[in-house]
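Pasting the structures here.
Next come two complexes, and both contain chain A; in the first it sits with chain B, in the second with chain C.
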Partner chain A sequence: MADIKCAFVIQRPPYKSETSTLGFTHAISYQVVEMLLEDGQNVIPTVCMVGEGVLNLIKDQKAMENYGVTSIESHGKNSLLVDLDILVCKEDLDGFGIPEDRLLDAEDMGADKKLQIVPYSEIQKAMESANHLLFF
Partner chain B sequence: MGTLTLGCFSSLVGSKSLDFTLKLAKAAADKGHKVNLWLSGNATVVGKNHQKHLKDYSTGEKPVLELLEKGVEICECEACALARGIQKPDAIPGVQWNAMHWYLAKIYSSDRVLHIGGE
Partner chain C sequence: MKLGVFVNDYKSTVDTVERLKADKLGLIFVQNGVYHATLKVNGKPCPLLDKTANLYALAEDLATRGLTDADVDKRVKVVTYSDVVDLIFNDYEQLAWL
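Presenting the complex of A and B:
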């Protein structure tokens, strides 16, 4: 099997723990996994933001000012920059009353990818098509 | 026999998830499965040597040494360990230090993956 699909499901809120940060950083590491794989082998990641996990995507975070750490917004933007697919649960955004224009993007970094706001049914499909699920 | 990769993100003390992970790794290795164990976040403290086993607290050093003897590959996130003040000379010999792509590479060749998240 040449490609293995991994779904990184981020469901924890930002900054309460480092869990959501680790979800992003583990997903981003697909960029260098080929160093440890054979030719033709690939790990295909998809990031799924559900539940309180959608709160990680709010833009204009002030983590460096308040906590002295890189913001989770920055990890989200870097994820888009390295062409990760990030699926965001529309129902959970609606539940928190978060409009799309409150969410991060990485246009200023030159990223082509954008957050993909989708119904949960689409996230379910992505999880069902993955070989492995990793919940953060 | 299959290949099982475990990822653990929970702390040694304060959570029993890491204790469970070590026991599961041993059970799988005893059955003859190939086992890989990735430690990230607070779980990296289990890779530090000279743990004192106080009866009120979990300990990981002895189980980790047993797993290494059984051929279980154990690797912890270098950045997570360093951020917690654990230096390489403090590490249990045989525990590898690497970055997150080690975990993804092991996942690639695994029949099953059990990701045990942080608290």
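Presenting the complex of A and C:
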């Protein structure tokens, strides 16, 4: 039985709404969804950060200190910790002038995964191959 | 008219702000509005920064998003909540939230 591919496309900036947070939490919850699948079937999630969505990945966010909420940086790091693939649009990073060293990683949490900075064409492929496409 | 405008979103408010006219116009970048003060899209700063010399960005909202004073355009003054209160009471007769 074929696996189910889900692409979670995060295109909104952080904090103005819950939208981008929901994108990460939905993607992380894929492990729960697997209980609803047929035997041997798996969910393969991919998070795609495009447009203003790439702004969610800037590190050293002080959301807890200033807003009293968990930072979206934490959600991104937790996503890496559970081995989610996070594709980040290179063109959009370049367009905003955000260098790679300004982006989060989860090495301090022991994560093996890293953000994958890719051209938009790679994100397009991920979206085309997905059974379910979810925009946030 | 002395008009202070809280710009609290990114992109969607640009057209509206560009049409506003006031004897003294202040743009106070808060929440996601702080990206106007920090991001250079394709190397160009936000056109809103040419609209007036009275530009402010809230320090707390910059820090929340992982941005620092060094990211802020030199024309924009980084201010605290307390400074914003002073602006509201001392510098502007009318205020708008976009």
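To be clear about the criterion, the second predicted complex is superposed on the first by the 133 of 136 C-alpha atoms of A that agree within 3 Å, B and C clash if a C-alpha of one lies under 4 Å from a C-alpha of the other, contacts with A are read in each partner's own complex, and residues count from 1 in each chain.
Just so it is clear, a contact is a pair of C-beta atoms (placed from the backbone, for glycine too) under 8 Å apart; a residue touches a chain by one contact, two chains touch by 3 or more.
Only a predicted model underlies this, so the values are computations on that prediction, with no experimental measurement involved.
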Chain A as common anchor, with chain B and chain C clashing or fitting: fit
Chain B versus chain C as contact partner of A:135, first or second or both or neither: first
Partner chain in contact with A:6 - chain B first, chain C second, else both or neither: first
First (chain B), second (chain C), both or neither touched by A:43: first
Chain A as apex of chain B and chain C, Cα-centre angle in degrees (nearest 10): 90
Contacts of A:22 with chain B and chain C, given as first, second, both or neither: first
Lowest C-alpha to C-alpha distance for chain C against chain B (Å): 13
Contact footprint of chain A on chain C as seen in their complex: 8-11, 31-32, 35, 39-43, 60-61, 63-67
Interface residues, chain B side, partner chain A - complex: 7, 9, 40-41, 99-105, 107-108, 110, 113, 115, 117-119
Chain C contact footprint on chain A (complex, rising order): 13-16, 52, 55, 58-63, 65-67, 71, 73, 95-97, 102
Interfacial residue positions of chain A with respect to chain B in the complex: 4, 6, 17-19, 22, 25-26, 29-33, 35-37, 41, 43, 132-136
